[in-house]
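Shared chain: chain A. Partners: chain B in the first complex, chain C in the second.
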Partner chain A sequence: MIRYIIRRLLWGVLLLVIVAALTFVLFRVLPTANPALLRAGRDPQPGLVKEIERLLGLNKSLPVQFWEYMKEIFLHFQFGYSYYSQEGVRSLIGERVSATLSLTVGAAVLWILGGLSVGVISALRRHTLVDRFAMGGALVAISAPEFWLGFVFLLLFASDIGKFKIFPGAGSYVGLTYDPWKWFTSLIMPWVVLASGASAIFARLMRSSLSEAMGEDYIRTARAKGLPERRVVRHGVRAAINPIITLFGLEVGVLLGGALLVESVFNIPGVGELNYKAIGQSDFPVTQGTVLLAAMFIILANIVVDVAYAYLDPRVRYS
Partner chain B sequence: MKFTRTMLCVAVGALALALAACGSSESGSSSGSSSSAGANGASAVTPPPGYQSSVDESLSGKRGGTLEVLQEADFEHLDPGISYFALDYEVVFATQRPLYSNKPNQNETVPDMAASAPEVSADGKTITVHLKEGIHFSPPVNREVTAQDVAYAIERGANENVANPYLQSYFASIEGMPQAKGGPVKGIETPNKHEIVFHLTEPKGTFVAEALCLPITAAVPKEYAEKFDKNKPSNYAAYEVATGPYMLKNNAAGKVLGVGYVPGKSATLVRNPNWNAKTDFRPAYLNEINIKIGGTQAVIDRQVLEGSDVVQNEPVAQSAVRLAAEHYKSQLDLSPGGGNRYITLNSKSGPFTNINLRKAVWAALDREALDKVRGGSLVSNVATHFIYPTIPGFTQAGGLAGPKLDYDEHPEGNLAVAEKYMKLAGYPSGKYTGTKTVQVVGASSSPEKEDAEIVNQTLKKLGFNTKLTLVEIATMYAKYCNVPKEEIEVCPTVGWIADFADPQTVLKPTFDGEGIVATGNVNQGQFDDPTINAAMKAAETVNGKENRAKAWGKIDDELVENAAAIPYDWEKAPRLEASDVHGVAMLWNEGAWDYSFTSLK
Partner chain C sequence: MSGDGEPLLRVEDLRVEFPGEDGVVHAVDGITYQVHRGRTLGIVGESGSGKTVSSLTTLGLTRRQGARISGRILFDGQDLVTLPEEKLRAIRGNDIAMIFQDPLSSLHPLYRVGKQLSEAVRAHRDVSKTQARARAVELLGLVGIPDPTRRVDEYPHEFSGGMRQRAMIAMALANEPKLLIADEPTTALDVTVQAQILALLERLQSELGMAIVIITHDLGVVAEMADDIAVMYAGRIVETASAARLFAAPQHPYTWGLLKSIPRLDGPREEDLVPIPGMPPSLISRPSGCHFHPRCPYAQPDHARIDPALAPVPEEPSHFAACLLEADVRARLWRQLQAGSTPKQALAEAGLPGAPA
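For the complex of A and B:
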């Protein structure tokens, strides 16, 4: 098992190097505009553009820029400096990572708990009103874009602009250590919005997976042996959950993408919001840093999923 | 996305005249706007009564309170030596005092750090400015401001670690400035603590004196800032000190970054304890301004309209302008002078080297439709020439009606006139029969996309084969329209905003053939007429505001006669405020809020 984990970790590092190289090509070699031109004002004088290129290190050859970029990332864990605020990208991300983690971890918990329980209930109450209602709701949740859903939630439930003034609105986020209760209440709507899509997918998948499992011979045998229904269901869930775990790894990427929009709608100062603004300003070092961080999380989540999968199904680690 | 680079110190018609026009029953145009002309021709198109707050009203503002500001975008640069963006200027002009400034609703600059108007010598080659006494830097510097601080502020703009974006555009005629690298400049002298003299190599005294209202003239203490300016790039902004009524909150060491300004999150302006109200014309009612950065425009608009002690800080979405105009009228602030928009046609290569083809497109174009996609007369006027309302020379160039030319007289488009020019261009059928496919490159965002589509349809009506490409707006400029070698025939959504109240800043960068460069070229149509180039060169050295308004107004006429581009829109800038806020907008700065005049009710 340990050899398997080491192998996965090494693959993860290699993947990160590839992603870092790709982001360099994407943002430095193929940019849509010269960042020095953007920084040089509306009527950029050629001399000034050259000065700014020197200032931002863009006058160096691409291989030199690439070497310095990779060296900074892998030796010092530095992603460069924002073209605008001149602040280090690592510190910019560091200041925001707790907000993004608060949002995504909370949403992930909600999506797993919500998705799995709805899926299990639907599978066990197939073709009943409860099942139809749950699956209909899931379809709506899958179809609703997070951006739109967030706006609808604010107009309905935000304490400032909502019809029913229940939850704190956009811009109300505070850090967990600053005020835990405010932190919790400010994240209720964002969690629900961010978790809704993935939760609905999980619910539908769990329903079909568990329905299939509950029709297997070993379930019939268990029932014939007189096991209580709760234990029978537990056996079924354990068998049905494998495809869900695989999907979890993939959904982390979707979750981070969704976080970008949800952070923007609810004005949560997270990494997604930082990335969103950086894209608008062509602030490439910040965009690169956030993309790399997201890649790191996705790779890590997938390694965790692979290990969990290998633990649950030993055939995987021997293949 | 709107082209948001700032205009600085853009003029607005004299307040009294503007208010008189506003209240006059004879002054309303069909669009609900009115106009008034200042002595130098800086006409102001004033919005309907009830929309625009004025300085007079704000002078009776309530003292105290905290204003909350919601803005989606972050600041770009808060260092007064780099800052060049409307949003940045809101903070910069509340915290810094340049030599001259604009009162929010006036077109004339007034002495700010300076004690009196600039003294321009008879030959136009020397400018002398006397400074007020008793102005101090905020903590931790605390000492009195001197002329040497103003000299350093300008000189550091040439330091490559600062790299001011407009220094060489407006101050290159100061002796030694083109060669400057950040050290002392020969043409800037400080004979004593309260006097600064600029020696010019050309007789451009009036123009350079006008530019002294740019924030680069806000004093910077050399002994404090030099160590930050040695960093590559300078991080003076992280520790900057103030001279204005407010300062960015800092700690004992003077650090602003992470204290009073957290990139992407917030900025906090507090009172500058060393500000002396007796030396300033600003009332500075508010105790504190908390700026929240981030969020989404649609949500912010709602939060402001239904909120308390809060203002919205960026160009408002069309839907919100409509909502506010219908249900929250007193909370909608509309400022004229949001710049011009025009369509460039490549006059260097391709079919539009033929002047009559350019006139034909102008005549056929439905400029009212272009105006409507931007929100109609509430937020814009159909443009008839290039110098826009609030800029000196607007009246001389024809005012709202514009010059009497048949291809300009039909804002709804006139195909009969267009046909006449097609025939003059050598197409007897009235349709283009050439084989060239015309490249049209526009922006993919709304309403620029709709603009591009209207222009594309007009070209098709005239028989042109077109290829329409829609890209992100920054890409449109940086990769296509501002790169001459790409040979783009039509750029339908370009525009310009002046940097300060002088018509040269509207026309010269955009239509001077001698200023065409390989990249970052803002003369997108590559218009290069030797006669007009020479007229611009001559007008640059014209002194006296009225004379300059006349000279540049005449150049505007010539540009229209040569169909250098097709102007279609003069924009107004909408902003939203809560019902308990008395927001005062800087008309010279795209209607951005003036925190030094805004108050709570």
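For the complex of A and C:
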């Protein structure tokens, strides 16, 4: 088991190297516009452009640029400097990562708890009004894009522009250490918006997985030995949850993508919002940094899922 | 049927119907039987004859499938058909336990065997986890699983097929039930293991004094185990008698078919097996008259019209059969079949016209 985890981690590092190389190609080789030209202002002197290119390190050959880029990332954990503010990407991300973690971790908790419990209720009350309502709602949640849902929530519930002034609106985020209560209330709407799509998918998966499990022979056995219905359902849920866990790793990626939009809609100073701005400004080093960070989280989530699977299903043994 | 005193289980005119999209499935159609303490009833029939549904209904397990249930199931003086769910739950796995055909799919794949056993104990007894676990180890030992202190922490997939069925039996015995319902307990197992499981059930029955209802399509199994036998066809009991009597003088052509379709080592080599032609009928639209008449080689024209009742065999008040043929005709036919005649020859020699096409 330890060997398996180590091997998976090494593969994860290799994957990260590949992702880093791909982002290099994506942001340094493919763009046709010269980033130095973008910084030089209107009708720049050729000398100025050359000077900026030298400052940004763009005058070196591509292989040399690639080598320095990879060396910085993997030996010094430095992701370069913003084309705009000249600040280090690592510190830019560092000061924003807590907001993003607040948003995504909270949304993930809501996603899993909400999705699974709605799925369980739907599966146990199949074809009733409750089930139809839940599954109809899930369909809406899957179809609605985060940015649209975010605006709808703001227009409905935000304390400034909303119809019902219930929750603090956009730009109200404060750090957890600064004021925990304000932190919590300001994140309620972003959490709901970000979690909605993923929880809807999980609710539907859980519904079908549990419905199937409840028809299995071991459920009949559980009833035959006189277990209370609550425990019988627990037997079903325990079996139904396994196939869904696998999808957790994949959905983490979708969640991080959604965080980018939710942060910009609710004006939360997080990594997603940083990335959103960086894309608009062609600030490639910042984009690279955030992409790598996201890739790292997704790879890590998948390793965690695979390892968790071995504990959850004793029939799976890794070698 | 023999046995003294009040029967432990008395099923009276039990009917179980499942309303469905294609029509009502008449799974169990008015069956009556009883089981006495410490004795064994064998219920025999093909798949789809209603034998499993009738025992699941005894435990109340068909209720949530939307079954329409009528009749009475008297267990220890209580009617299980009308008993509230919570009271029935207290009986399930406690006074009446059940084991199933496929032990692999009947055990939860993700829980340790010991946990599944101690859960059965704790569902009915207020004992600590440690006590329940000790009981689980004891039960595994009782059903002959070697090294139970180690095996108790294993998962079902680490057990062999026979071991799994032993574990299922151990789980059923957790609270020393008065009645054990065994639904095809050996069908999914190797032949050598089958004999072990049957021997185990017999040993446990004599040690614990419980009654057993064994459900099977295999007459060999009931010959080994049962004191009494009920033969089911299309949701009804078509013949019932003590095991000795049923094998000595079977009355119903369906029973003959079952008996003639098992190979015998002690019979003459050249004796052919006689399969029962056709398929069990649909339980939604059953044949008119005697439900068996389309497959019966001895059916007479009016058998498609008249529905036979389960009636005592002359001079054998505890032997019942639901057949429209006269008792002496049945006796002649069975003698011919025993002598090695095919159904056609037996029919001719008994002086009956041939079956309608």
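Note that in this section the second predicted complex is superposed on the first by the 312 of 319 C-alpha atoms of A that agree within 3 Å, B and C clash if a C-alpha of one lies under 4 Å from a C-alpha of the other, contacts with A are read in each partner's own complex, and residues count from 1 in each chain.
We adopt the following convention: contacts are C-beta pairs under 8 Å (C-beta built on N, C-alpha and C of every residue); 3 or more make two chains touch, one makes a residue touch a chain.
Note that the coordinates shown come from a computational prediction; the quantities given were computed from them, not determined experimentally.
Q: Looking at the combined model built on chain A, do chain B and chain C fit side by side or clash?
A: Chain B/chain C on chain A - fit side by side.
Q: Name the contact category of A:Ser186: first (chain B only), second (chain C only), both, or neither.
A: A:Ser186: touches no partner chain.
Q: Let me test your reading of the model: by the given contact rule, A:Ser122 touches which partner, first (chain B), second (chain C), both or neither?
A: Touch partners of A:Ser122: none, neither chain B nor chain C.
Q: Is A:Phe151 touching the first partner chain B, the second partner chain C, both, or neither of them?
A: first
Q: Identify the partner contact of A:Thr221: answer first if only chain B is touched, second if only chain C is, both if each is, neither if none is.
A: second
Q: Taking the superposition on A as described, I'd like to know which of chain B and chain C A:Thr23 touches: first, second, both or neither.
A: Neither partner.
Q: Touch test for A:Ala239: chain B only (first), chain C only (second), both, or neither?
A: Touch partner of A:Ala239: chain C, not chain B.
Q: Looking at A:Thr290 after the superposition, I want to know if it touches chain B, chain C, both of them or none. Which is it: first, second, both, neither?
A: Once the two structures are laid over each other on A, A:Thr290 reaches no partner at all.
Q: More chain A residues touched by chain B or by chain C?
A: B
Q: Chain B to chain C: minimum CA distance in the overlay, Å?
A: In the combined three-chain model, chain B comes within 48 Å of chain C at the C-alpha level.
Q: What residues on chain A does chain C touch that chain B touches too?
A: None.
Q: Considering the complex alone, what residue numbers of chain C touch chain A?
A: 56, 59, 61, 89-94, 97-98, 100, 102, 105-111, 119-120, 123-124, 155, 157, 168, 171-172, 174
Q: Chain B touches which residues of chain A in the complex?
A: Interface residues on the chain A side: 32-34, 37-49, 51-52, 54-56, 82, 84-87, 92, 95-96, 151, 154-155, 160-161, 169-171, 264-269, 273-274, 277, 280-282.
Q: Taking the complex as given, what residues does chain A use to touch chain C?
A: That would be residues 216-218, 220-228, 231, 235, 238-239, 242, 312-315 of chain A.
Q: So in the complex, the part of chain B that touches chain A is made up of which residues?
A: Chain B residues touching chain A: 1, 5, 70, 73-77, 84, 160-161, 163, 165-166, 168-169, 232-233, 235, 237-238, 257, 262-265, 292, 294-296, 298-300, 302-303, 306-307, 471-472, 474-475, 477-479, 496, 509, 517-520, 522.
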